[in-house]
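See the structures that follow.
Two complexes, one shared chain (chain A), two partners (chain B, chain C).
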Partner chain A sequence: MGRVLGKRTRHAVGIGLVAGIVVIYLVMVGLANAFAQRPAITGIGVESGPGLLTLGRVMIGGAFFLAGLAVGSRFLGPQDRRERLLAVVGGSALTGAVGGASLGAFMLFAATVPMSDIFLPVTQGAVSFLAFGNPPEIGAIAWILIGTLTASAAGALALLQKRDRSAVLNGIAFTLLVSLIEPILRPILGQVGLREVTAFLYSGGGLTQHAAVFLFAGVVIASWAWERPAAPVRMRMRQMPQANRRRAGLAFAVLAIVGLLVLPQISTGFVNQVLVNVGFFLMLALGLNIVVGYAGLLDLGYVAFYAVGAYTMALLTAPTSSLGGPLTDLGGVEYGFWLALPVVIIVAALVGIFIGAPVLRLRGDYLAIVTLGFGEIARFLLRSEAMRDSLGGPAGVVGIPNMHIPFVGTELVSAGEYFYPVVGFAAIAAYVAWRLSNSRTGRAWNAMREDETVAAATGINVTNYKLLAFALGGTLGGLAGGLFAVQLRSVYPDSFLLIISFTALAIIIMGGMGTIKGVVAGALILVGLPEALREFGEYRYLLYGAALVAMMILRPEGFFPSRIRRAELHEDIEREEEPQLPESHGGPPAETTRGVAVPDTPR
Partner chain B sequence: MLRGVLPKRLTLVEVVLWALRIGVVVFVIVGAYATLSQNKLGASGWVLLTTSGLSQGAIYALIALGYTMVYGVLFMINFAHGEVFMMGSFAGMFVAMAMSANGILEDQPLLALPVIFAAAMITSMLVAIVLERVAYRPLRRAPRLVPLITAIGASLFLQYTAFGMFGPRARRYPPVELLQGRVDLFGFSFQRIELITIIACVVLMAVLYWFVERTRTGRSMRAVSENKDVAALMGINVDRVVVTTFAIGGLLAGFAGVLFSFLFNRVSWDMGLLVGIKAFTAAVLGGIGNIVGAMLGGVALGVIENVGPSLLLLGFDVPSSHQLKDVLAFTVLILVLVFRPTGFLGRKDNV
Partner chain C sequence: MSQTTAADGQSEVSAPVAAEADGGRVLEVRGLTKRFEGLVANRDIDFDIPRQGIVSVIGPNGAGKTTFFNQITGLYEPTEGTIVFDGTDVVGLSPHEIVELGMARTYQNIRLFENMSVVGNILVGHHVRMRAQWWQVLFNLPSVRREEKASMDYALELMDLVGLRRAYAEDLAKNLPYGDQRRLEIARALASRPKLLLLDEPTAGMNPAETLQMTQLIAHLRETLGLTILLIEHDMKVVMGVSERITVLDHGEKIAEGTPLEIRTNPQVIEAYLGKQAAGIEG
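Right, the complex of A and B next:
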């Protein structure tokens, strides 16, 4: 059959089948259903209710759209304009039709053979949702049509100029994003008093139709104007003298800081809690970034530091704990936290050294597993009956007094008030990490990560630098844990699951190992977005898993890579593939290192 | 005599390591003496703990074989192998439930059980093959930590796939009369399922040993594990050998999944992680890359984990010491990796 169809057709059908499998997976795992009731754009097709365009369906359509885009951009081969149009649009339409047909076949199957005993999300309700409330046959035909239309529209985008295409894609992405962050943006806009804007933008949990059109058109025009070959805005920015540009940067920074300071005042408790959680994970990821990103030691038991910090804080300050909160006795509720904080930091650093010392000589992947073992031991000990008298067992430690601002004496209660110290400490952590990365220490870590033997030969004390990385990483993790304990006012062993280590890992992998910008972006996207979107629930970990696999395969350096890291990763692949490259050649081609001088590392 | 053992200059790390070594030995001796001198468990108690340790260990050994074979061929820790095991257990449960609904499971258990095992094994095998194809093959030549991170991602992905598809609640297999009850042997009373588990695992491991040592495919597997590039030059299709390795690991994990769920009467989306790490511990304990080592390591870990907490902690009157079996397993993992990363039978060049 394959011979007859021709290469292009086979290709289009193949991608269509992949899209179909992805979509069926989304339905079977329950993701499409979780977002079934959440409108993307309200009121399309029906007068009331979530309407036809819910996020669940947008997700499915999105898969077809991406498949069409992939096919379209690959079929640009033919020179003749008509032939090319036919290849691109026809190919992507075929892809969409195949994808839609797969989903349709699945719907028909699910409607006749009930499988909700095995696959819990595939209920008759879910099938009916997929079929737009119609019988499954009609739903199947509808999806074939939708798949064909979305995919061919996406494929046609490939025919456009790059600038036009990215303008349209930006428009779609931005409109979707504004719709997604409705739970965050709507309360904030409401608090600021922009009720008219809110009413214009949102209704019933999604964008209104007018707002969607308005946003899309606005972003398309803006993006198009920005990308114009000699766009005035861009030109002016490029021609700005250095001093002005620095001033503009400074102004932007001040604006961002003011924005951060005002943010908790204008948002609701829910949003503030999300932001505080992002802050905790930001600190965790910054600390893990020192160990993994800078020093190259994959620590999978990082959550142990979080737990150590939290429990140290709890035992030292909670009057009901086994220690009786000695530092609260000493300094009163006002200063208890501040007295405990240095202890927390020192204890976490010592634990870092204690864990680090025995594992120093282990090779990378064994080190990862050993640290994972430490993390699990910590959790089992916290939960065990044997340690109940000292650590509280499964019931944890409760009654940690709130943080007070020193000298002023104000008690912090709500998440909005905790936002400030959390952001403050996160900023300190980021500053420390940034200074470290550009220091002698940071360079030593770089060298060690690239090649331990060579680093040792150049006089770097590998042992000490590794221990330092563990201690500093542990410090930041412990600090995050201490703040977490105070903000929650209680600690439980089940707050310190392995998944926290993996979340922090996903953040730094996604953002780009070794860069602070990447860590911040990663924390906002991977922690902030799923927390804000309540529908995600536990599915966020599915997303982390997929993200880790996809990033490692497609873009191991992350979205905001440090230049050294990128050069390293690509050099490694380059070297493995071309072992016959003579050493005297002068290292890898300049294109892969992007002009960064990377020491030639013999292996 | 100590001159050869002790380094010339004691660094901080050396001090910590020696303190750890001495501490472990002292703790084991004192703990065992305290427990045994108080004679808290009778002989039958120890025998029962040992048999449950052996049966659990046999299951660890089956899963550990998957880790060790993949490590032998690709030098990567297939962190998602525990999830392969979990998926098999689920598949077996669904088949068992369907057959229980028809009454086949009760009427013809000897016919039904092989079908359950086959379903689990085939599912696990397919998951393992897809895993290799999608997640690991593109990274065959990447730096060493990259496949490990991918494997962690794949593990998360599979766990939460099961969470989403099969639900957050733990489930159980329908009861099979054939596997329940107790057997009296040598004056002790054993659980029947434990004995069946041990026997089944021994048979399966013998088959695997024969396969790897005597068949052509087994020989090419050993060749690839020795040196991938040279094996390719000898006309061995490395990709096919890798897939075969994953497939065999999956088959064994699926078998273990069914046994595990009959033994503990529990199937859940998060069962793979802990069992997987323990099986990896078993693989390391036996010497990673070594098939016989994985079997020995599995059995050793199972026994240590079941006998150890009572042996070491009962004497100190630690409350519910059995809860600490996981702590003990992880401690074994750490101690082995730190002090003897080659395990019982491992090759030096693997570490």
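Right, the complex of A and C next:
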């Protein structure tokens, strides 16, 4: 076979088969079917109902699209234009056809051999949905055609200039995103009174056709203009004097704060709860980032701190708890939370040291396994019968009083009201993480992460800094737990599954190890987005896994990588700005190095 | 190398401690023995370094030189013997405590903090001479800011001193060329303001031109900073050119000690070590 078919053909067929297998997998686990009724763009092909372009089908088409893109960008080899066109479009079309044919074969197979007993989602209804309501033979042919068309279109993108290509891809991604977040965006827009906008954007759970075209075109043009080599927008922003740039940054910050203040008022209770959850995970991830990202200690049992914080808060403030809520007695319902907060912080820090001390000598994967154990031990203790009298066993602790704003005395009830303290504490966590990152302390952690032995031999007290990382990381986790307990008003052992540790870790990895911006983005994407896509339900972790694997392969440095990327950007800016230096300084350029001013004469 | 001599080494980067005029010893090692499960890596070694001297330890591969180094810097605990550094017995102290006392080292296989910036590496070296605690950092106290600024300036001066271009300051350490990585390691070691600098084969893997530059740098450092330097070397030219006294180890034992001239003519040394390379040295 290898002799008969060229290398390229084999490659195209191979990728097509991979795409086909991915798609069949999506169908067999029921993911494609879960989105059967959710339109991406409403009403295409029919007058009413979800129409042909549902998210389920978009997902399958997306797999073919990506396969075509992959093949297209690899087949750019031939110098001759016509030959290259043939290689790229032909190759990607072949990929799509193979992918579509795989799906078609699966459909035919599923139609003749019922397998819904074993693979529950593969019902005749699901097959019929895949076949667009037609017999499976026709559906199979349709998918071969669809696969060929989407893949070759995607492959053709590879022929475009990089800027044009990324403009089109941005357009597609953005349009799809707006369609996906319909459950969040629609109520918000409704609340603000933009009914016309809502009516224009959405109908029946998906984008309208006009809106889709409008959004796509808008993003393509905007992205294209931004990326233009000498784009006026970007150049002007680059060339802005330092003072103006700072002013722009300040304006942006003010805008962001106002946006955060207004957001819970204009969104629904559901969205607010999602945002509050994002806030909890943001704090967890920021804390874990200190331990894993800064200090390089792979702690998989981080959820233990979340549990410790939550239970400390619960026991100290809930009148029905075994302790009887002593701090609520002391400070009343108004100040119970605020009195308990410092205790939560201290307890979490102590637990951090307590957990950290025995694992001081462990490194890497050994540390991960032991901390994983700690995470499970924490939950087992919480739900154990032996501790039932003090910790409540599986029934947990209920009746935690709501938080009250100090001095004002207003009780916080809804998620929208809790949004503010959660954002506040998350901001404090981010501040802590940011301050420490570029300090004597942060550098000591980084050195330890890079090479523990050399760090010690360079003068770092490794023991102390490890314990400090566990204590400070634990404090942030405990703080998140305390807020979680008071917002939920109850705590149960099963709220503290290991998956919380993994999610926090996934957020850090996804966002770019060690950066705060990345952690925020990671929390929004990994916690916020799946909540918005209720259909994901059980598939959430499947998607986590897929996203992480894809991330590790395609962009191992995360969305917002810290060092390397920054270094690149610096080089960029330096080159463009250097000629201007004399003007702004009004004298010969001072000897400077990236961002560090150097005094002319030391001392 | 011009940067090295042009560097303003006399101001910030000055001698860490005014060298006492006692002509005494910075390091006194007595009866040092290290056994690893039956293997004797160092046997009963006596060893002194005079203040502001440049002393070398040479010996064939596996002679126990690096083990000797690791015991002095606290990475290994000696099985027997004493190590007195600047009047303090350092046996049993942690590596970071020894650094604080004024000892710093480099490694035979360069061991930088690869994913940290060049200045970041130097600032880690300066860690023991900084005071900022984490809670002070959180409140961004004026003292913290001042210290951070001063340390940054100091780090940049050290870059000048060892001949690293300041433009590299924000680059990742792992992206530096090989020779510059060696220089960075020395800058990181110097950042702790050591009295005694231990260099483990600083010219390993360098071409003759780079080796010459490194030799000049070592001599220059001793002069400008009043350092005492202990060198482990393979390269005979480096050892003979730069050191005042040489100690020869073979099979974990000290077999000879003396000036370069004495070592060069010591028959035992020639037999154990130089015999193979004698031609290279004579010529």
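Operating definition for what follows: the second predicted complex is superposed on the first by the 554 of 603 C-alpha atoms of A that agree within 3 Å, B and C clash if a C-alpha of one lies under 4 Å from a C-alpha of the other, contacts with A are read in each partner's own complex, and residues count from 1 in each chain.
The working rule: a residue touches a chain if its C-beta (ideal position, glycine included) is under 8 Å from a C-beta of that chain, and two chains touch if they have at least 3 such contacts.
Because the structure is predicted, anything quoted here is derived from the model rather than measured.
K.L.:
Pick one for A:Phe252: touches chain B only (first), chain C only (second), both, or neither.
P.N.:
neither
K.L.:
On chain A, which partner touches more residues: chain B or chain C?
P.N.:
More residues of chain A are touched by B.
K.L.:
Regarding the shared-chain residue A:Val454, is it in contact with chain B (first), chain C (second), both, or neither?
P.N.:
Touch partner of A:Val454: chain C, not chain B.
K.L.:
Which part of chain A faces chain B closely enough to touch in the complex?
P.N.:
25, 28-31, 117-121, 296, 298, 300, 354, 357-360, 362-366, 368-370, 372-374, 376-377, 380-381, 383-386, 388, 463, 498-499, 502, 505-506, 509, 538-539, 541-542, 544-549, 552-553, 556, 569, 572-573, 576-577
K.L.:
For chain B, which residues count as touching chain A in their complex?
P.N.:
Those residues of chain B that touch chain A are 11-13, 16-17, 20, 76-77, 94, 97, 134-135, 138-139, 141-150, 152-161, 163-168, 273, 277, 280, 284, 313, 318-321, 323-324, 326-327, 330-331, 333-334, 337-338, 341, 351.
K.L.:
Given the complex with chain C, which residues does chain A contribute to the contact?
P.N.:
So the residues of chain A in touch with chain C come to 431-432, 435-436, 439-441, 443-444, 446-447, 450-451, 453-462, 468, 472, 563-564, 567, 570, 591, 593-596, 598-599, 601-603.
K.L.:
Any idea which chain C residues touch chain A in the complex?
P.N.:
The touching residues are 8, 11-12, 73-75, 94-96, 99-100, 104-105, 107, 111-117, 119-120, 123-125, 127-128, 130, 132-134, 137-138, 140, 144, 147-148, 152-153, 156-157, 166-167, 169-172, 188-189, 192.
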